[in-house]
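Labels run A, B, C and D following the written order; every chain starts at residue 1.
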């Protein structure tokens, strides 16, 4: 961390500031230039509150040099993390599609979709049992029963399952879930993250709607600081002023994350866009940009099918997306290596 | 809700759509115009998933007419809500300043500050015991001990206390807390909101960093749907591209909310801005715009004082802000009445 | 356009509103439902000010059904536009890379780069002669001399040239320029757009940093309304809260635009990101998502090369990007057809 | 400017970088610390392209210490600027309301409104003759005739006039205009700004919809660098994800600007909000926050009046806003002085 002081800082103010920094066990390295005095901080600065320092009257500017995350930092983990889910691997050159219904609705639905997506090449089955809904009056998911239906689909197809947790007290129900998802709205539910750091299952951490990449990595850090190193990051769109899409999918997060962290990065193009015919081009784009996987909604709801189209893909449309993605993938491997 | 269909919709597609709507117990009122067919939905449309409808191929557009919130809706509660906290009232013409330290640090600190802010006219004491921190390595608050120190300050000054909850399992520790705060990062922690709907204490609900006013009211609705009608809304800044301030305080949320809801609206200018000398003008502005109260950080930390200034106000600076605000307030009452 | 009136609208208010609409030569189609009265407007509503209508006290909501753009609307131009620049085609299945230096600096620089990018497969040469700079003290480009140097490079390589105009009075200097670029900051310089509508050269219109897709198409409409139908749209990143990239490249704009308009859509990944090693993955992603072309900065500045890297690509790095892109392109054609 | 180098920078790379900096006439001050090497730049760094430096492979970070604007910088102009418009003063303790119709429509309209707003205390008359419209099909203003009607209103009332310019070639028509307005969409039309720097009239510069405060000051710098030092800044709302208001009025820009610049800051609450009943609270808030003035739309259009309300205020409603604002103003003076 580097602190730049204002020109008119008095020597005793500098001394006081240094004393305060030393009290945290951090060394200082002062360089008095022609126009500015600069303090370099050497030591573990992850505990220093930058906003507090920046707010001091004598401080012109403060800048972190080391990223505030360690466990999630590629500098300390040069090798890509490979998350192994019962033999299904994500990261480090392993690419997976996670597919399934937004909400688990019935045994027939989830088993039928599971079989379809497996045939098309999906490596994992997703399905929502607990649904975070903006409205308290909307359907909140089948809950425990939904998890049981996912288990049945897993038993039939062998696909590991991914499902979202909203409350740490539900953890016992997630025994059979292979990858636990933390949704965008819980990305900074720090108590939930901390608890998930103590268990032994991979966590799929979605980016919050308005969170920076650094905050996202700090949330991964919460999980990893507790000992659980298997975190998969999932970009799902951020909030902007544009109204033609529900959210703006930030695909540049992929190369940015690849530089900063060794964790696998996947992309969910279904939620951000709002219409199924945009899923294919964005799934292809995410793959080309070097994503380690995709998460895609697939449904077979006849009520919606009646009306000819919806935001989820039908199994047939998903098959087409999967084909496209698997053909793009080798070029992503070949050209995104440096 | 109004659904506008595309020009080339076939009669059987219209029938299918109507059948699906009727299956939810909602009546339809179809109007076939020269260029478009419009379906008006009559009934409880709060359960209808607009995104799903919008994604249908035959749908050109869909528009909610009734707001999706009811308990929080001024249309059904024309009178302003007055939240009564042991005699200290907020809303419906009652204005309060909630002041205190960001984090509770020691008995001396919190009692001293409580006495100061009371003298300056604050009606409630705030203090953080559980701190939501972006970094797992940062100080996370004194927790239970912090709550106890707040109780002591309350005993000494008589000021009711406001403190933030992060985890529903901590609720027993909040017995003595008069107003429970839900922080910006938990605004859509729906399980937490639902639980707080079942208790008998006012809830201070902060706006999420990137949440719309409608989503904020839907979160209030979660609490109110459970039976707890005492919700206070607190604007604290939203995330934009501007970097000179930490967040952008959205004061226009005050008149917007006053039209939409009967709930009290307060403003926290301390977090959004990042420097104490901006707190005063923005506190004055929020008051002039018709806020029902303010939440302001006050500290007396000698380490920071050494360096001549910080983002929190000193008790003296707070006294000056309170004076300004109390002089502006009558004009807000006089002119913001319609 | 559909106007939804509030429940308590009086008959005479409805009549007044209808009279005002009729005075603009627009027919009304009123449908009085159980809870709401809806007015459908039939005729040329592009002149109706939606904000004004929305602000009326009796209006609950107003919604455009027809897009406010016509010349740029795919509904009236089902066939993709192919822009033909002296035989070099963009759109309708034709893909081009436009490459070259950010600023034209010298004869050697621009000619050397032109030859390199031609060899790598670029179809057009870009180069800035007039540079829009945030600071009045920064280098503003070689201006007329820069255009002359581009002409020389064109003479040597045969590559058509693309350069940015900032002021309509400079038009005579752009005689030899094949495609005139309008920069992001001038996207709503309506007088400039209107003038460019009267000339006979393709216009490359960049999206403004904070403009919606609809506003962007309205700016294309300004040019097309004057008779110049050859507009190429260029996505270059929008402004968000994220700070790890300079801007957020909105690749979902590609499928959205493909649905709304017949104009070609290209992507400039160089400006948004800020580091050359992100250009390759995002160029590949844009191609996979179905872009009709790319605009990429290439430099050979030895001063920067000294320091081992910069935001522009070297000719060698560009060659690698071009190879990747040309291998991805066939899959974009094959799978993005519907 | 401070450049922080990466740990593994080689001595010859450092030398090369220093040589390049020296070639711009800037001195370097190198400080080699335990973990990082820091280069301090001494001299006129306003010409250094930060993005270029940041993109160098050996650079960890780069930070400007001096603001890149000089003429607009309070550090060099400690005294508030007072803009004197024929005796009507703005800034340095002088507060003005600029009021009038959005578009000039007729002699009767503009003269009647001018007389009304003068009576209510407005110091200047605004009126649009050239209207920047998103759609090429919308009314573009009365142009030259509009300016003439404003002149007549000025002759009758003595109020100086403010009107927007969109094209430098229209300057001769603005002879009689007292303050020339640059609209939000032209805030970075650098050629227009440069030309306005050479004339001898105050310029009212609106903030762009998605521009940072620093960029806004750089645009003021463009004007001032040409010799025209009379620039008035006008906040009018920025673009965010919120949809209940057209834009988000950023009132915290007032205290931020007061620290950074000596230029007067006014606020236009009419455009951002979209409904007249929000203008009053936000006008009061802006005044309380220390604005040097307000710009408010007033209309007397009978067609709109028929329908009982619109986004502009009627003369009567304006009178009420002015009363409120003039009563708040003394407290803003008293408390916003430090």
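As a convention for this text, contacts are C-beta pairs under 8 Å (C-beta built on N, C-alpha and C of every residue); 3 or more make two chains touch, one makes a residue touch a chain.
What you see is a predicted model; the values in this text were computed from it and never measured.
J.: Between A-C and B-C, name the chain pair that shares the greater number of C-beta pairs in contact.
T.: Pair with the higher count of C-beta contacts: A-C.
J.: Could you work out how far the Cα centre of subunit C sits from that of subunit D, in whole Å?
T.: The separation of the two C-alpha centroids amounts to 27 Å.
J.: With chain centres defined as C-alpha means, what is the inter-centre distance between subunit A and subunit C in Å?
T.: Inter-chain centre distance comes to 31 Å.
J.: Whole-Å distance, subunit B centre to subunit C centre, using C-alpha means?
T.: Roughly 39 Å separates the two chain centres.
J.: Can you list the subunit B residues in contact with two or more other chains?
T.: Where subunit B meets two or more other chains at a single residue, that happens at 210, 239-241, 243.
J.: Linking chains that touch, what shape results: line, ring, star, complete or other?
T.: Complete.
J.: Please name which positions on subunit B make contact with subunit A in the complex.
T.: 13, 16-17, 20, 23, 44, 46-47, 49, 51-52, 54-58, 68, 132-139, 166-169, 185-186, 188-191, 194, 208-210, 215, 218, 221-222, 225, 239, 246, 274-276, 303-304, 306-311
J.: Under the definition above, what is the set of subunit C residues touching subunit A in their complex?
T.: Subunit C reaches subunit A through residues 210, 212-214, 238, 240-245, 248-252, 254-256, 259-260, 272-273, 277-278, 280-282, 284-290, 320, 323-324, 327-328, 331-332, 334-336, 338.
J.: Using the touch rule from the top, collect the residues of subunit C that touch subunit B in their complex.
T.: 2, 4, 29, 31, 33-36, 38, 40, 42, 60-61, 63, 65, 210, 239-241, 243
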